[in-house]
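Presented sequentially are two complexes of chain A, the first with chain B as partner and the second with chain C.
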Partner chain A sequence: MSAISLTATYAAMGARRVAVLAIGSAAILVSLVLDVATGPAFLPVGAVAKSVFGLAQDRTVDAIVWSIRLPIAFVALVVGAALGLSGAIMQTILNNPLASSYTLGVSAGAGFGAALVIVLGVAMPVPEAWGIPLMAFLFAGIACAGVYGIGQARESSPEMLVLAGIALLFLFQALLALLQFVASPEALQQIVFWLFGSLQKASWSKLWIITAVLVACIPLLIVDVWRLTALKLGDERARGLGVDVARLRLRSFVLISALTGVAVAFVGTIGFVGLVAPHIARMLVGEDQRSFLPASTLYGALLLSLASIASKTVLPGAIVPIGIVTSLIGVPFFVWLILRNRRAFW
Partner chain B sequence: MKLTVDGLSVRYGATQAIEEVDVAAHPGEVLAVIGPNGSGKSSLVKAIAGLVAHEGVVRFDGSTVRPERIGYMPQDIGARAALTVLEAVLLGRLGRLGLRVRPDDLAAVEAVLGELDLMPLASRYLGELSGGQRQLVFLAQALASEPALLLLDEPISALDIRHQLEVMEIVLRMTRARSLTTLVILHDLNIAARFADRVLVMRSGRAVCCGQPEAVIDAAMVASVFGVEATLSSDPQGRLIVTPLRALAAA
Partner chain C sequence: MRFSLTSLMAGAALLASSLSALAAPTEITDALGRKVTVALPVKRVAVNFNFEEFTAVAGVEGWQKVVGISRAPWEGWRPVIFNRYKAVIPNLAAMPDIGHSDDNSFSAEKVIGLKPDVLLMSEWGYKALATQMQQIEGAGIPVVIIDYNAQLLERHLASTRALGKVMGAEARAEGLASLYEREYNDVLARVAKAKAAGAPTKKVYVELGQAEAETVGNTYNNTMWGKIITTLGAQNIATGKIPGPWGPLNAEAVIAENPDLILMASSSWVNRPKAVRTGYDIPETETRASLMPYAQRPGWANLKAIQAGDINAIEHGLARTLYDFVAMQYIGKRLYPEQFADVDPVASFRAYHKAFLPIAFSGTWMLPLKP
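Then we have the complex of A and B:
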């Protein structure tokens, strides 16, 4: 075979991946429009479009679209994107398909942080509405640091890190249960609702914060994209290729902490997106991180956007907490994904 | 690249993996490292590659700074990442890769894929390959880095006899053509005798002897190091043939 054939093979692989990303982006646009149109008052797609482009004559539609629906729809996208991306990074650096911030205690840590504010009313140097997100963010970071710190005890082997994550998951769940046990009925209700996960408190300011964190992570990931790909071949082989594995893991954990923390802080615990989106991406584009990370981000956004629509439509007249929807849809979907997978990826 | 190892020791906790090993290898030379399981062969290669903490000095052309151009192929071939053969081999050039892969990187990968007859597998995922095919891919990865020093840890352990010969012929040819310094861990004494310029024999973490195969491999060495009674003969081309007869009772 000639050099042209390898170049052609490489170009064909690239074209396929670009197509997967383009299809994901197009599906996100459709889902976004449907998400804005769906709700207690269904808005025709045309009316939504007019409002978005400033052509609506009905102030009520404008108010619904701009004050409620658009922030929720966009927050669903960026939270899904952040969870998908953090799940992908986690699965890569731990070389484990079951890794995600939900399964390895980071979300549980955030939940405990939130519950701490709700039950104990911990004084924070911020407005009250931001106290819960801030503590959730902090405890997501503490959980990440805990996983990394315990894992370091055994040269940060992936297996040790996963076990550390599982240990912390149980620890934070136990602490959370303790807080729920001592909480007043009102506080208990507030904790439970937070843990369900909800997009209903979305706002433009929250959207910008999550988006800023997401965007800030991109250049940091681009720098490490080949090193992360090398890590998929195992620690020893990556080291042999010149990768400083310990430092790469540390940098990645900081990004995971920021992405998960900011996502969970504002919307509560949302499971399965961070686990399922990377699996979809892996099946579609493989694990060259140049396409795997963007695909996980896009399909994470799409999944949560679709879940947002479902949360408003499964029970007529009610909005089911988004965390319940992602788990209810996520579990059978995840099982289906695993069963239909022909390649020996995991 | 001239490799000089002086007084190299590696310890894993309470276990002394290798102790005070001295060895040197030269450009254009294939040095085979042989010895029974657990004799410290892999630890020696890992220490030279800078992958494990060690005592002693490793010099590359007289310098103790680990150069980038080391092609290291570890023993493990179990990688089941969702990466294509092309991507896995590209990773051999990790230090040079940008977000967009340059034509010269693709050309280097193509050359080595062609050399190892892997072009038809270029777009296949590693998980779809046999163990032997994966071993070839990781050899290609090590070669794609255009190394000056090639460290191969049992590169032919999962290959059939035809591919064993082909791969070792490629390793020997590239070592000569590119003036590589090649250390290769082997279990097959006949392959070592046939393809290595010199053989380093290890036992219990120590270097027992080092020299040309004909000078090093004899019935007494095979008995004392491997615990195997063997006969030695020559083929019509005069190449050494080791025939193991039976395991000797432990002393």
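Then we have the complex of A and C:
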């Protein structure tokens, strides 16, 4: 292949990446508008638009739009983005297509933390409404530290880390089952709620917190983007290129635990976005982390936003828990995605 | 002077009644003692639970003001009872659903969109849905908590009075509250008399007979039936033996404890062919036939309760209601037959239907295996 055609191919790939990100962003905008426009109260679109732009005062419409629909629509975006991004980092550093916070015990850890507060009323110097997210966040971090710590014992090879993650998944699931066993019916109901995952508890203050964590993680990632790309060539080659693999994994784990923790803390364990979004991104833009990570973030946001719309429209007038929607719609879509591509991505 | 005072009072009453046609902000104390301001009289109401208590207080005409309910805990849990009410409440069939806390389908947006003047909420629903409650209250819709689940006299009374005040049926609510208080205290007085006469503390085992005889169903520890048993001065054999407020007790433990009285909580569940069956459409023969396999469980033949024929079906829907005094009367009568000789719980339930409910009493609700 001549130098010119190589350059042309590279340029074409670059154009494709820009197009993928642009289309993703446009789709997110459309999805956001639809998310705000739909809901079980069946408000006229005109009334919603007037309320959004402050053109009309109607207490009922304003309450629905401003205290329910807008926070939910935006929280869906930032949570989806955080889950997509953390899943992408996890799949990269573990070099494994099955890695996600959901499959490797981080979400289960968060669930256990939340259940601890719900069942035992673990004394926290904060109101219960914030105690649950705090403990969920803390235990997501503990789960991440556990995965890293166990994996570290054997030179933190990706295989070791994945096995450690699976071990922690089962550990936290067993602990959670134990808590459910001793829980009162009210507490049990709350745990089940929490595990379903729900955007219904979205609020503006929660939105700002998740957004702040997401935004804070991005510059930290930009610094490491080329190292992560190098890591995809294998641990040996990355080391050859001067990357301190162990430290890179540690830094990445900290980011994963912050992103997953904050997302899961407020909306519960919404599965699957963290697994599927990176796969979609990989099929569209390939492995170069400079576009793979932003694409995973965008498509994670898009997926959860679409799921939010679906959860309101599948059964008109009712709201199907978002965790169930992401799995029920996500799984067949994911299988189709894998089967339609002859090219192997892994 | 006397004349003018009377006319003054009459005038004031007239003024008050004409004022009440307009919405007047009124403070209401709910089941938890919260002070809630509701603009009375209400024109639109959303109801989350305790539909039969709502009906007893507000009557069929009160349903004209209901704009949405949580359908699952009525239509789903007690479909046969729901269908009976559907036949007499015109707007119930097409009633909008506001969703339910257990399956996470409760929608604050749906409630706000229906523009109710007040939302009547169960205590457990209110606790489980903190964010949604804030959103609803933020939209200016007051939430009044109703709670019969706690099986506490004062909450039963406070819930009933709050329902009466919200629905403008205070006289009827007061009648219900005083009936409940009277019957509740009468049961406890009889128990105290029996105890004073040296009645032994009997051992009671209660189980939800919902699945089949081969499966051990939930028993209750200090809530619902468990609470009623201990209130009646008997020993609930499950107390302290199950970790939570309800769950199945080890089959061996039942045999080892050798209870004097066994209660199988029963109902007209749909798609539960092997459940113990009671309800509006169930004849006594059917209840006894459905109870029989449970009495024949392995190892049960020698239990004191079985040998005495004292294994009973009792409608599960009787617990945590305004008419649960009927269940207390029935269990009290099984525990202390002499003191309750002149008490007829079935007649009490029949009378309650006649006085307060729009549907006729029929069927079987509680009976022992041995007639």
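In the analysis below, the second predicted complex is superposed on the first by the 326 of 346 C-alpha atoms of A that agree within 3 Å, B and C clash if a C-alpha of one lies under 4 Å from a C-alpha of the other, contacts with A are read in each partner's own complex, and residues count from 1 in each chain.
Throughout what follows, a residue touches a chain if its C-beta (ideal position, glycine included) is under 8 Å from a C-beta of that chain, and two chains touch if they have at least 3 such contacts.
These figures come from a predicted structure and were not determined experimentally.
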item: Joint occupancy of chain A by chain B and chain C, clash or fit; value: fit
item: Partner chain in contact with A:G286 - chain B first, chain C second, else both or neither; value: first
item: Once both complexes are placed on the shared chain, angle at chain A toward chain B and chain C, C-alpha, multiple of 10 degrees; value: 150
item: Which superposed partner A:V18 touches (first chain B, second chain C, both, neither); value: neither
item: First, second, both or neither for A:I222, with chain B first and chain C second; value: first
item: First, second, both or neither for A:R69, with chain B first and chain C second; value: second
item: Partner chain(s) touched by A:G242 [first = chain B, second = chain C, both, neither]; value: first
item: Partner chain in contact with A:L120 - chain B first, chain C second, else both or neither; value: neither
item: Touched partner set for A:S5, first chain B, second chain C, both or neither; value: first
item: Shortest CA-CA distance between chain B and chain C [superposed frame, angstrom]; value: 40
item: Common interface residues of chain A - those touching chain B in one complex and chain C in the other; value: none
item: Parts of chain A lying in touch with chain C, wherever the complex brings them together; value: 39-43, 59-60, 63-64, 67-69, 129, 181-186, 188-190, 192-193, 196, 198, 200-203, 317-321
item: Touch list for chain C against partner chain A, complex; value: 96-97, 99, 101-110, 112-115, 124, 127-128, 130-132, 135, 138-140, 223, 243-246
item: Chain A residues touching chain B - in the complex, by the definition given at the top; value: 1, 3, 5-7, 9-10, 12-13, 222, 225-227, 229-230, 232-234, 236-237, 239-243, 282, 286-288, 290, 343-346
item: Complex contact set, residues of chain B against chain A; value: 49, 51, 68, 70, 72-74, 76, 78-84, 86-88, 91-92, 94-95, 97, 99, 101, 103, 106-107, 109-110, 113-114, 119-120, 122-123, 125, 127-128, 138, 141, 145
